[in-house]
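Scroll down for the structure; my scribbles are underneath it.
Chain lettering (A, B, C, D, E and F) follows the sequence in which the chains are written, and residue indices restart at 1 in each chain.
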Amino acid sequence: MNVSAMNWSQVEAWLQQDDRAILPLGSTEQHAGLSLSVDSILSHKLAIDAAEPTGVPVFPVVPYGLTPYFLGFPGTVSLRVDTYARVIRDILDCLATSGFRRILIVNGHGGNLPSHAVALEWMADHPDVQVRFHNWYNAPKVFAKVQEIDPVASHASWMENFPWTRLEGVAMPPEQKPMIDTAHMRLLSPAKLRAYLGDGNFGGYYQRPDAEMLAIWEVAIAETRELLEGPWA
Amino acid sequence: MNVSAMNWSQVEAWLQQDDRAILPLGSTEQHAGLSLSVDSILSHKLAIDAAEPTGVPVFPVVPYGLTPYFLGFPGTVSLRVDTYARVIRDILDCLATSGFRRILIVNGHGGNLPSHAVALEWMADHPDVQVRFHNWYNAPKVFAKVQEIDPVASHASWMENFPWTRLEGVAMPPEQKPMIDTAHMRLLSPAKLRAYLGDGNFGGYYQRPDAEMLAIWEVAIAETRELLEGPWA
Amino acid sequence: MNVSAMNWSQVEAWLQQDDRAILPLGSTEQHAGLSLSVDSILSHKLAIDAAEPTGVPVFPVVPYGLTPYFLGFPGTVSLRVDTYARVIRDILDCLATSGFRRILIVNGHGGNLPSHAVALEWMADHPDVQVRFHNWYNAPKVFAKVQEIDPVASHASWMENFPWTRLEGVAMPPEQKPMIDTAHMRLLSPAKLRAYLGDGNFGGYYQRPDAEMLAIWEVAIAETRELLEGPWA
Amino acid sequence: MNVSAMNWSQVEAWLQQDDRAILPLGSTEQHAGLSLSVDSILSHKLAIDAAEPTGVPVFPVVPYGLTPYFLGFPGTVSLRVDTYARVIRDILDCLATSGFRRILIVNGHGGNLPSHAVALEWMADHPDVQVRFHNWYNAPKVFAKVQEIDPVASHASWMENFPWTRLEGVAMPPEQKPMIDTAHMRLLSPAKLRAYLGDGNFGGYYQRPDAEMLAIWEVAIAETRELLEGPWA
Amino acid sequence: MNVSAMNWSQVEAWLQQDDRAILPLGSTEQHAGLSLSVDSILSHKLAIDAAEPTGVPVFPVVPYGLTPYFLGFPGTVSLRVDTYARVIRDILDCLATSGFRRILIVNGHGGNLPSHAVALEWMADHPDVQVRFHNWYNAPKVFAKVQEIDPVASHASWMENFPWTRLEGVAMPPEQKPMIDTAHMRLLSPAKLRAYLGDGNFGGYYQRPDAEMLAIWEVAIAETRELLEGPWA
Amino acid sequence: MNVSAMNWSQVEAWLQQDDRAILPLGSTEQHAGLSLSVDSILSHKLAIDAAEPTGVPVFPVVPYGLTPYFLGFPGTVSLRVDTYARVIRDILDCLATSGFRRILIVNGHGGNLPSHAVALEWMADHPDVQVRFHNWYNAPKVFAKVQEIDPVASHASWMENFPWTRLEGVAMPPEQKPMIDTAHMRLLSPAKLRAYLGDGNFGGYYQRPDAEMLAIWEVAIAETRELLEGPWA
């Protein structure tokens, strides 16, 4: 349940019967022709959809993450690693203060991975709280489904082009972009990376039929819900 | 214009003709029977509405702010002052990297005020960028309008009860709650504050007619838009 | 009682009968022709004077605060927001370790306001200690008294020109400086602000008769002492 | 070339003809019956061996990393994420000050991955320096070789048991330990993790013939040297 | 010249002919029967006295330093090492912004020594500014003078008992306290240290004739002034 | 006992009978013609040698310390003061978590002294753990021995030239370098310091007979072992 659609006494009532919550992590960064908020939109909507039958509160998505390499693309915002570590720690502190004891982090952006390390460190300080970290976009079942549909898939390609991340009036190129060289990319400064990436797609078609996208989404919901349902430790 | 509805090349196109952006600041905290996201919803929507005719990009609202005193109310999340200072600084850094030179911060929560100090410090480090800080809820014209309608107004009272912050199925008490003693409140720990505040409203009716609320909103939009239009320095 | 005039066993003796202390906050920054230490001198002396009949220990004034905008005026020193947050936190930690449970912060500089947020955060971590934050210069009674005498009053104008903040041999201009445009000022870099402000006075006469100043001081003492006396929570 | 076997003028001479350096990252943490320094020993020795024919300076291994989950095992030392981020940043700063422009990080511990994020952030601040991040133990060729020999391999199993990481007089159990449940493990506090892991091996035999280990090492050297040789960007 | 007796334009005028400043460092900590501000009083007064014929501006003493071991004595306040490092760095930043290029730090407390390391680090970042660090109380000439008068001298003994650090109405014990065991002391927690130290004096008489004290002071002034006069680098 | 030659259960066994550990601190910095790791090599080897008959675990040397002034010499790496403070704190935290209660820090570099302040601060937070700080190179007995052999001794001179810090194939100059002016040196930026120091030796011969060096080493071992043996508090 979207926490924005709850008041504090509803959260309190929830905590009298359950101790789970979801925290989605997003990013504001270039996604070629798609929304700058792709990672935030997807992790938040997925958390809401996965939690739907359970009533688990879904906290507001953290809309800014770690994406320094994309700073050559206007509109991209990247927090510093230590800022982000503090944000994650502070939020977990408060969720624990509220009374949550099992927290599922649904992460929508690969660059945010240090937050997993922070969550592990935080758990060592809070032995009575469990934090499960879930990169929904490359979890086993979602990954398998994407591969089944089209193995040429990557950042800002068709695999992130859902009805809820594409923009009105923005046409997608029809061609299949060749995959970039990831090892090369990781050595580039923001300015050189922008020149190298062109529109920002890492490789693959820019869109595929909605039926395929919805099929992926169904898999993502199921896989995320399973982690929410447990078993927990 | 909502940045979530833009891609990076649209932001780049905007920057070729203008250098303004809006950053809304919210909070996730108790608002009595209203949404835990009242401050985020209002600052974000107001920024969008105020920017509408101008095309100025509105970045994602920072949904977590400074609200340690409300930690006795479940669902409240408070960042540490130094975490928050870093978040604001990092975002401003990236907006400047993108090319923005006039940034309007639309703040929806009084506890977030240290972000103004951070913005001033940041400006001293970035003499070519202007940051205007706007507490929309107590700016002169909004404040006058609220006083005109009903001077007994405060946190979580009718003055925050808009069609977009109230929750379906949650009934509001009909009475006018007496004003709390603010000086007393500021001395209380989170647990004592919760006991003292009861439902969380600081004083006043819990709701008033929508026509009044929309009138306040119109004033807020006009006042915010004026600051966006300038003059800037 | 000035802590500099006490030794540790006198503080210990005090703590066996009372648990109050005062922490004054100042700043080292341009005040036109007045001392660079105006804010430190006033908050410290006021704390001493207000505490005088009570015996409450007054700790050394924190002489450096937040004033980045004045860095174009030589002699100004500004701490970073996160430095200042740590300073306040560390001092409060130690006052609590000593045994103080009711701490009055007497703040002499508007730029230092984030310290109030820090104090609130710190109180949430230390539920058994109360911290009252007092901006003496714009507290209700002082403000009313200043307005009664001359409503054109501001930073570095007559209202800060006390016998103990003015400098020997420095003549004050006789004229009434027109008020600056505050909204404009907040958009300026340190260099531009210096150019805009000229001598640094924000508006108003540079001095007024001592009788008026002493009358303000009496009000300030009474108002501060009242807060010290309580009620506390 | 081991920097400990160089003086500053030899480093300076190197920099007149080349601008590469290696920084190995280790950890001090439980590895069942093996040395607490397994990760430091392996990343440092591998860096030295890979660099051998090239003369590239190998800086001292950072012997403490991120391993909060193992704190239930005595002798384990874990830095905080933000401490570690600063360490990596400071070292990279100084390598750049010395004149290095292509830096290969050879990482020996999965928990240290946030250092990759730090390196990417640092590169965005230093567009003229390239940092390549290499997890030697699960790089494609090493991983394939390990799988070829015995796919049941993990933390503290045979795959970390080299002649230079095993301890004199410590006998290894002969059996093949069943693989632990990784997803379960990540939810456990340090105390529970210790109880769950027993001796600390995550699964697999405790040792295998040295010929196999040396074969893996040869692959590791070749794979690391290739990354050192480039191409760089 | 005391900066509190200067305004910004006087500082600016000074900077047109000279670029030296003094920053005194103090501490608020137990000094047996003497003032809790001994270290602040002495470093500040010494800086003023030494600077007197030169006109060099003396900035406000930093009244809180590093003294965690004395936290068992009420009234003692200790900053954290990293807080203190930031304070020193921020002040040096601003002095350099003002235009100072030769800064003499007059330190009055041994625990503050990490500020010297910070000053050295800061100088590496600001190659055009010189910072000279002076521990006045154990500088060669002061130390020799103290030894000449009475070699049994230490923290809170007669050697800190000047007319300006002793308290009215507080009688000093007549005896010579035996020296404590410093190595033992450094292993004690604040509570145990308090028990071990008794009144806080580390050893020696509690007072000596004023003529001796003034002789020491004259040596201190001369030694400090010499460092102020240079040569600088 | 070298922790790298121990596994976690051996550390646990040790802790069942004793609670001492050693943490050596080094530095990676210019030492004229000697190894860049002189300070790390010496503090680590000395800790190992001193601990040898006792079995006290010696943790991995922290190979990077505080040495900003030497940054003009390639190969030098300096951590920031606050980074280093965190490193020390984090390691002490984990040693205490493991169960150690008496920790001897063997420091090999004067620039690292702020770590002593950090240890004292940390002890105030952990009243049940003792940390003894030992600068081995200028401890009373080592200092006396060095003076006895040749009082002209300093950084990077003969007194650091042990069989285990000199480099194969690097010839030492035969002459006795005159002592540098330390007060002058401390005012120099890294670039100027490099120019001033030439090869990096602060003064004295570059080498002396091994018999003398081994005699110093024997004194160092005995003096360090004594501190390890106690008495502790």
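The rule we apply is simple: a residue touches a chain if its C-beta (ideal position, glycine included) is under 8 Å from a C-beta of that chain, and two chains touch if they have at least 3 such contacts.
Keep in mind that what you see is a predicted model, and the values were worked out from it rather than measured.
Trainee: Fewest touch steps from chain B to chain D?
Mentor: 2
Trainee: What's the fewest number of moves from chain A to chain C, given that each move must go to a chain touching the current one?
Mentor: The fewest steps needed to get from chain A to chain C is 2.
Trainee: When the CA atoms of chain D are placed over those of chain E, what is the turn angle between 0 and 180 degrees, to the nearest 5?
Mentor: 120
Trainee: Based on mean C-alpha positions, I'd like to know which chain lies farthest from chain C.
Mentor: Between chain C and the rest, the longest centre separation is with D.
Trainee: Please identify the chain with the largest separation between its CA centroid and the CA centroid of chain E.
Mentor: Result for the farthest chain: A.
Trainee: With centres defined as the mean C-alpha position, give me the chain A-chain D separation in Å.
Mentor: The computed centroid separation for chain A versus chain D comes out at 28 Å.
Trainee: Between chain B and chain E, what is the separation of their C-alpha centroids in Å?
Mentor: Going by mean C-alpha positions, chain B sits 46 Å from chain E.
Trainee: For chain A and chain E, let me know how many angstrom lie between their CA-based centres, rounded off.
Mentor: Chain centres of chain A and chain E, defined by C-alpha means, are spaced 53 Å apart.
Trainee: Residues touching two or more other chains, restricted to chain B: which are they?
Mentor: Counting only residues that touch two or more other chains, chain B contributes 71, 78, 80, 82, 86.
Trainee: Quick check of your reading of the touch definition: is the inter-chain graph here a line, ring, star, complete or other?
Mentor: ring
Trainee: Can you list the ring's chains in order, from chain D toward chain F?
Mentor: Traced from chain D through chain F, the chains around the ring are D, F, E, C, B, A.
Trainee: Flag every residue of chain B that touches chain C in the complex, lowest number first.
Mentor: Against chain C, the touching part of chain B is residues 66, 68-69, 71, 78, 80-82, 85-86, 111, 113-114, 117-118, 120-121, 123-124, 127-128, 130-133, 183-184, 186-192, 231-233.
Trainee: Which part of chain F faces chain D closely enough to touch in the complex?
Mentor: Spelled out, the residues of chain F in touch with chain D are 3-12, 15, 28, 30-37, 40-41, 57, 59-64, 71, 73-80, 82-83, 86-87, 89-91, 94-95, 97-99, 167-168, 170, 199-200.
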